[in-house]
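For reference, the structure discussed in these notes is given below.
Which chain is which? They are A, B, C and D, in the order written, and residues in each are numbered from 1.
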């Protein structure tokens, strides 16, 4: 039987739903880079105060600023999607889906507030 | 009576190297579905237009197609909602086209078989099994799948890798695992645990979005990631 | 032509066909079973059935009562020996479905729940929400995947039965995807191709329900029985014919005319109170309800909708909770297809063709007069429905007699009494349709057939109308023979070609209906003659047999009905019914 | 049927996803937009404390596992075939980063 198979190239442009998905996945680039940046900071911290302060200094460069801005937007989007799909990924819960999402968002708010105060 | 343009992807394996679009103006009334529009074309304008349908009441799962890029059951999508058009109809994405809107469903049918979608009993009871409404509620939603394949057309992971077992088959797998009458979970976990089982899913989630029956296949698939992980780590403790 | 050698061919992947295939596979796993269906099994029409399947389980119920309800519901045209076998095996098959995973709706204690259905004197109908047929079909299909000896030929259109010397030899089928012809050489063939409702215009049936199997058997020499009995379902959406299940009324919905009056009380179905009462008012049998609608229409008491006359099916008093819990599919369908919120508004409904009581004549073992040929399900007339089928008897018929047919076919294939050697096959006829350069448009012939049936072989019939229908059908057959001209002359997935073949079967089946109706000069069950208003047991307590006569009209004969325990009486509905308690 | 070893990496991915969803926004805000944050003394104190070490290791390691896992899935999404070698490289990279962080933390006392 002869059939025709359509190509997949550019599939993520076919539907806005897919674009949002790709955006969510793109957050991983920033999360990885951010982890490496922290690792670098840790290395500098282990070296000495001067080197550490140099690292901190570099954080206020325009490049770092831009990086952080993108990262922040994408990580916030990541957080939101993470908890929005939470009900689907958890084992069966006695709670309605909506509550699970609300609980997740509340946890983000709590963690954020705590960290804002602590560091 | 209004008129709307329906443009359809056409492909004939005997004469076409690749698909092309053809469009027709179709007069329609408010209660006409996209399927009825296609039937109008077939009856009056071009008898060679090919598409599947049967129940025309959204239960047999035959009539799925991409309507303006979204997988839909054409029998419950109404032309009035797409006015002024044009309406673009294509065969369900990610499947090989046999002819016009008819896609090849063999791959799905094989996958369905592979998940052992039947009760594998421990021991057959006297009379009926007892099953409370709560126990039933654990799997009932997944048993509502009409095998319409819209979710496969929605899932890019299936499009990228057609070995992926896919949303509906995994939802049905879960339906039997979650049934209190069944004792076949261990056999089915073998399918779940493979790279092309639940691990083919990256939680795009569009499958659940387009499902016309509220099955929520994404949930079935992703809950089984946890099951598979438990199975992976705890197998050493089990005999 | 490709040849497939097998032991048993089951034609049809609906409930009856699947059950037959499973029965044959369970009988002996060495038997090769070919399951041939023009659609993938779970697309079959069984999927659309909503209400449920009857089986005696309640303590207050008995096989005797199910027997009596069925026989009186069928206006004594049932073969009572067959009904006895039937009622005795219903529950066991429903339990088997339960073991196979069918999600029957349950009581809080975990037992299977049952509901009322029209014409049944007790709550006897097992249901899976209002997706009963859907769940039965998917359960059977998915269970069938367990048997390696069942080989499926999905989307193969059976176009011809091969019969030599009064014995079945196999079938010829078209592989739809490629248009290639296949010969299946088999020892036994089971036909389970479903009904023929699509010979009418306004019907509840899926597009596939075109009477193919009846036509196949008819042409091959098996008689069709009781074809004049066609059931109209009283509550369908005007225009599309989409069904609003009887379960609505089983749950307590009422029917009112344009004045808000429960008109059924005017047609011997009352009294109105106490409601609900089994077999009374809205829980009366379908034939009576559909007939009452016609009278209301004649009196001008129906509503006018853009799609035609209608009455109101009112569920509102049941309350949102019960409506959503018990009738979710119907609520959804009413919303989608009629734009009505059943919780807030009544649903406009009218009768539409629903069920083919007649079919291929078989005995209680599902044997047709052709050796090795069996029939089961809606395409068969095994003798349980008589002149009017009771709702929820057919979903259970397909499993009870599907099993019988599968068992019997397997027994026959194992017995060695079949004929050996390759069958004679003639290809002509099937492919000739593809080469007609002249002829009429397919849709024209099809629509004329449907309109004729709707107009002259409708709920009420009379001699002039039936004669006109017979004459018209003869000319339509003649025009069909002279040629239809297809737009599509190719082989791969040519659905226009298949539709043309279906029309060929449908025309002959329709003719059997019209001629049977003409010959039955009485009113019984679903067959209502304006010129013979009474039942006439002296002359017509008989089955009608239609025999194929080539290009000529079918020959009509009559055959005695088997009566065992229940002598014909008046059918009692309404006041005689007992007060029912709804749970 | 071959069992996938995804459960290991998916668990790490999931843990990283959860952690980044909870603390990611605040951390990024602090390192990027607040000049007083993470002064040397406080940072050192944190890195010297046992719980602090664990927290730093978790953030760096799990973020890396989370990110790398999604990265190679994204390659697949773009139609680039990810063979076992490339997969191993991604996970190896995350593991190496985690190891580096652990070594550094061990050196801070």
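Keep this in mind: contacts are C-beta pairs under 8 Å (C-beta built on N, C-alpha and C of every residue); 3 or more make two chains touch, one makes a residue touch a chain.
Not measured: the values here are computed from a predicted model.
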item: Centroid-based (C-alpha) most distant chain relative to chain C; value: D
item: Pair joined by the larger number of C-beta contacts - B-C, A-B; value: B-C
item: Separation of chain B from chain C, taking each centre as the mean of its C-alpha atoms, in whole Å; value: 28
item: CA centroid of chain C to CA centroid of chain D, Å; value: 63
item: Rounded Å distance between chain A and chain B, as computed from the means of their C-alpha atoms; value: 31
item: Where chain A and chain C are represented by their mean Cα positions, the distance between them in whole Å; value: 58
item: Sites on chain C at which at least two other chains make contact; value: 177, 492
item: Touching two or more other chains - residue numbers and ranges from chain B; value: 13-14, 98, 104, 156, 160, 202, 225
item: Contacts with two or more other chains, residues of chain D listed in rising order; value: 73, 77, 79
item: List of chain A residues in touch with chain B within their complex; value: 1-6, 8, 11-12, 14-15, 17-18, 21, 25, 85, 87-92
item: Parts of chain A lying in touch with chain D, wherever the complex brings them together; value: 8-9, 12, 22, 25-29, 31-39, 41-43, 45-46, 49, 52-53, 56, 59-60, 64-65, 67-69, 71-72, 75-76, 78-79, 82-83, 89, 104, 107-108, 111-112, 114-116, 119
item: Of chain D, residues touching chain B in the complex; value: 1-8, 10-11, 73, 76-77, 79
item: Touching residues (chain side chain B, partner chain D) in the complex; value: 156, 160-161, 190-191, 193-195, 197, 199, 202, 225, 228-229, 231-233
item: Chain B residues touching chain A - in the complex, by the definition given at the top; value: 11, 13-14, 16, 18-19, 69-70, 93-94, 96-98, 104, 138, 156, 159-160, 202-206, 208-209, 216, 218-219, 222-223, 225-226
